[in-house]
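Each structure below appears as structure tokens.
Below, subunit A partners subunit B and then partners subunit C, in two separate complexes.
Take a look at the complex of A and B:
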């Protein structure tokens, strides 16, 4: 592989995540970008290129939404690209930024993700209906939660996993989110609270699901030589990977996300990580549902197949455990403005690796893995971040 | 957020505030309509459903029999080469009970949803469909099921020509 420049993260910014925010999408983007620029001690003039990530246009009801948002993202008169792989977009956007810098084409790239799910009525789920195949699925009047419930149940059945173990993920992540200033749903809850919450689509209870949210996040990438001019503590984006699987999802065994494994292997190889459980100091896998964190930990090779629930119950994935997972609070706690939620995970990696995560700080943070996922259970996107040891 | 930054931008709004127009909002309802050609493979699939049969395609390279059918094999990336009738019986691969309708409204009686691996197709090849004539607490992964068809005169060439799948009596 011919990578011309090592890529650093030099700044990050984020807004509040809430069910509804008064600010427009452009305004939210502007705030996140400004915070990122300030933290990098840069101005817009220092930005050579911009990559924007947003999930389905249908939430906002604005087609070509990223072009509409461009002004708030600071992208006028600059090389600007919208990248989109559904729910995987938030972690794919920095991969898009990485191409710009690693190729040697640009010294800096601003990565912005924004989502407003609140404009869509009666519920953002209504927009999600258009994801289904119009011929084979839509006549059955499906709800998007169906596929998660079906996948979760398959995972539970194949490995004989009790629901109590999966519920522990909500307890951990909502607890972690109490320390995240953006968080929409930080809370101290118990496993029983999860099990006794309303059944949405069995085996998914209300507290297994992340909320719809509004919010924005931003990261600034720079080539190594440029990064060194701005900071003594660059965070390296040393591995990127992504893979997609077939849309014929009823013809695949849903118990294991093979595409996440492919994406992770690509990123680990690039980052020269040979033994992920030993070399990764914390992980931010995508957790729109409780079981997804576990599913993804296995796909990311951080737990053996079927063993991620046990690690959670034993406290290994707690913030003070051997492998802290979603120290941010994840989508379950911080919220799920889709693309912005994925980028929030990358912002968290940046803050953790700079020892700037405050109360959320995990000990000995040297290598962090972020991952997102989406579509009809099809896409895995992975970024590996490191700091100078 | 970094410990170096203390204030976060963003002004929360409640749903009530949004709907009561305490903030200025603009509303718009799209009136777009779509008509999809089912295509070659799904076209035949739907025709066969109307006739009370399920049809798949066979790939001679990997020898998979796949349902729903497609004119190409996404694994081998070659054209599939044969139409194959499969059975209208199968096995529950996974299932769920939906207390949400398509717009995420709460409903009292759950919709019984399943991925059903089809007999006569390759192992693990299933379709999304509904279950019926079964108590929710009796459903399990591995259960054998059989399609319950609409009467022929009511079929229209749709996956809903199968009403649902019910437990198969031994």
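Take a look at the complex of A and C:
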């Protein structure tokens, strides 16, 4: 496989992640884009195309909301595309940007993700009521946390995993988030705090869940031909992968995310990674729930099936461990404005690979993997970033 | 979706599970009545556990993204889908109102087609085009649809019937507006090398362009289609087209509202600005005219398929360029232009140049 143009990341930006930020979605996008442009010393004139990633329109209550957001994203009178794979959108948007540049059609692409969940009253969960199949599932009036509880339970049952091991993920990520200036829920907590927090749906406790948030993030991609015009230290987006499983989630075994495996294999093949645990220096898997980080580490081939909890308990995935996982603080710590949270992970990879992550910096960062997940527990999106060498 | 996908795969001679690398669907959640409609795409396209995504735009934007995916070298074959199930919508007007800016425009509490009424008024005033000339577009397109077996609204009507139909937002009448229809279109794209293997006479995408103008109603030039001007320049440049009127044989353009066909033809430089109305009235854009436009019937005759209308335009171009258009076949057609607009309140659209010669 010969890719036409190698694609670099040259700038990144992010807003605060909070519930009920006063800014509109347009304004949040504007702040993230501005930070990204300034970090690369670029202006809007340097941008050839714009890709917007944003999750359900129902959150903002705006039909075709990408059209409404486009001026905030700097896309007025530009080629503009809205790409979308539910919760996986955050890590998918840079993939959309990647094909804009790798195809040779555009030299630069600005990737923007925005989410404003707080307008949903009384809670964003009400928007999730309309994600279900109207015939087979909606009459049961399901809640999103229910199916994650089912999945978590299945995962624990198959591998005989104690809840204490899973709770460790929340302790780690909320602790890491203390060092992230955008973070909503950085905290020093213990495993007991997680286990003793309110049970939402057994076995999911309140502290197993990431918060609803508002926020935006932006990433600037440039082709190998022009990247060095903007930066001496480009980070390379060398592998992309995405896969979508069947909508009929009741027909598959939930203990393992096969769709993440398919997406990861596609991305590793492109990035020429043969032995992921050895070649990947840190990972930012999607962690809206504690068990999902573990589930996804296994799907990403960074841990054997059922062994991710052990790695967490042994400290391997801590920021100073052999395989730092969610050094940013992840969704559990930084917050979960859905699409923006995924792109936040890619921003983190960019900063880590340029040694710009400050207190969050992991040692010897050469290759980082970011992943997101979404739809009805069915989509995996994967990006592999490499340091310039 | 399943029915259209099977037809497309059989036509292209591909096995979805083995040959197609990536699948794109053009959809919007509010049209579907789901949050995250993307969930329900893979099964009926034969795309389970494969690379699938949704493009929140019209079908031609999805084609543009599919073409870029192929250009990267990552995939040889890509499938693009778009559909409309407008009959499921009980509150189309309410859904469309939700696309208006929630702070500045939604409070008007008006049917969102008021934007088309205002724009038509501005276009008629700026170009001296008449309501009769706009109505002649409706007459033509509904008449053309009589020869299109897939069209939902074929009819023989008169200019008077259109002008005297119920006024929606002056000067826009009920019959100036394309009625909603259901339908699905799936297309298979392939790299140059793969296309030559799969088909004896593939239709080539020679140039693509897609642009968005400002989302602010208050900041637009209401007399012209700025998004099409930008997209046209990009697409014509890629296709090497310098004199569109001479080098292109026919067009399928967006005619969501009657005046839009005229505005879009001017933006595509098929005629001078302000002249499209006169030419339409004189029959130049008829099937047997000097430059046939919307031979398929367009949105006015074939039906407004929402995001899929753009693919309906491309489908007609492909059928004409293959010589498979039956009773409505244009003779010696070699190069076509397809153009799309996402309708009110957006200012986003695409342009594609297609040809049966590489």
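Following the convention adopted for this analysis, the second predicted complex is superposed on the first by the 387 of 389 C-alpha atoms of A that agree within 3 Å, B and C clash if a C-alpha of one lies under 4 Å from a C-alpha of the other, contacts with A are read in each partner's own complex, and residues count from 1 in each chain.
Simple rule for what comes next: a residue touches a chain if its C-beta (ideal position, glycine included) is under 8 Å from a C-beta of that chain, and two chains touch if they have at least 3 such contacts.
This structure is a prediction, so every number in the text was calculated from the model and none was measured.
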item: Clash-or-fit label for the pair subunit B, subunit C on subunit A; value: fit
item: Which superposed partner A:188 touches (first subunit B, second subunit C, both, neither); value: neither
item: Subunit A-centred angle between subunit C and subunit B, computed on Cα centres after superposition, in steps of 10 °; value: 80
item: Partner chain(s) touched by A:202 [first = subunit B, second = subunit C, both, neither]; value: first
item: Partner chain(s) touched by A:23 [first = subunit B, second = subunit C, both, neither]; value: first
item: Partner chain(s) touched by A:96 [first = subunit B, second = subunit C, both, neither]; value: second
item: Contacts of A:248 with subunit B and subunit C, given as first, second, both or neither; value: both
item: Partner chain(s) touched by A:278 [first = subunit B, second = subunit C, both, neither]; value: neither
item: Contacts of A:61 with subunit B and subunit C, given as first, second, both or neither; value: both
item: Contacts of A:364 with subunit B and subunit C, given as first, second, both or neither; value: neither
item: Overlay on chain A, subunit C to subunit B nearest C-alpha distance, Å; value: 5
item: On subunit A, positions contacted by subunit B and by subunit C; value: 61, 134, 246, 248
item: Interfacial residue positions of subunit B with respect to subunit A in the complex; value: 1-5, 8-15, 17-18, 23, 28, 30, 34, 36, 38-39, 42, 46, 66-68, 70, 74, 93-105, 110-111, 113-115, 124-130, 136, 141, 158-160
item: Subunit C to subunit A touching residues, read off their complex; value: 28-30, 33-36, 38-43, 47-57, 61, 64-65, 67-74, 95-96, 98-99, 101-103, 209-216, 226, 230, 234, 342, 345-346, 348
item: In the complex with subunit B, residue positions of subunit A that touch it; value: 12, 14-23, 28, 31-32, 35, 39, 61, 118, 122-123, 125-126, 129, 134-137, 139-143, 145-146, 149-151, 153-154, 157, 180-182, 198-204, 214-215, 246, 248, 250-254, 347, 351, 354, 356-358
item: Complex contacts: residues of subunit A adjacent to subunit C; value: 1-5, 24, 52, 55-58, 61-64, 66-71, 75-87, 92, 96, 98-100, 102-105, 127-128, 130-131, 133-134, 241-248, 258-259, 262, 266, 270, 374-376, 378-379
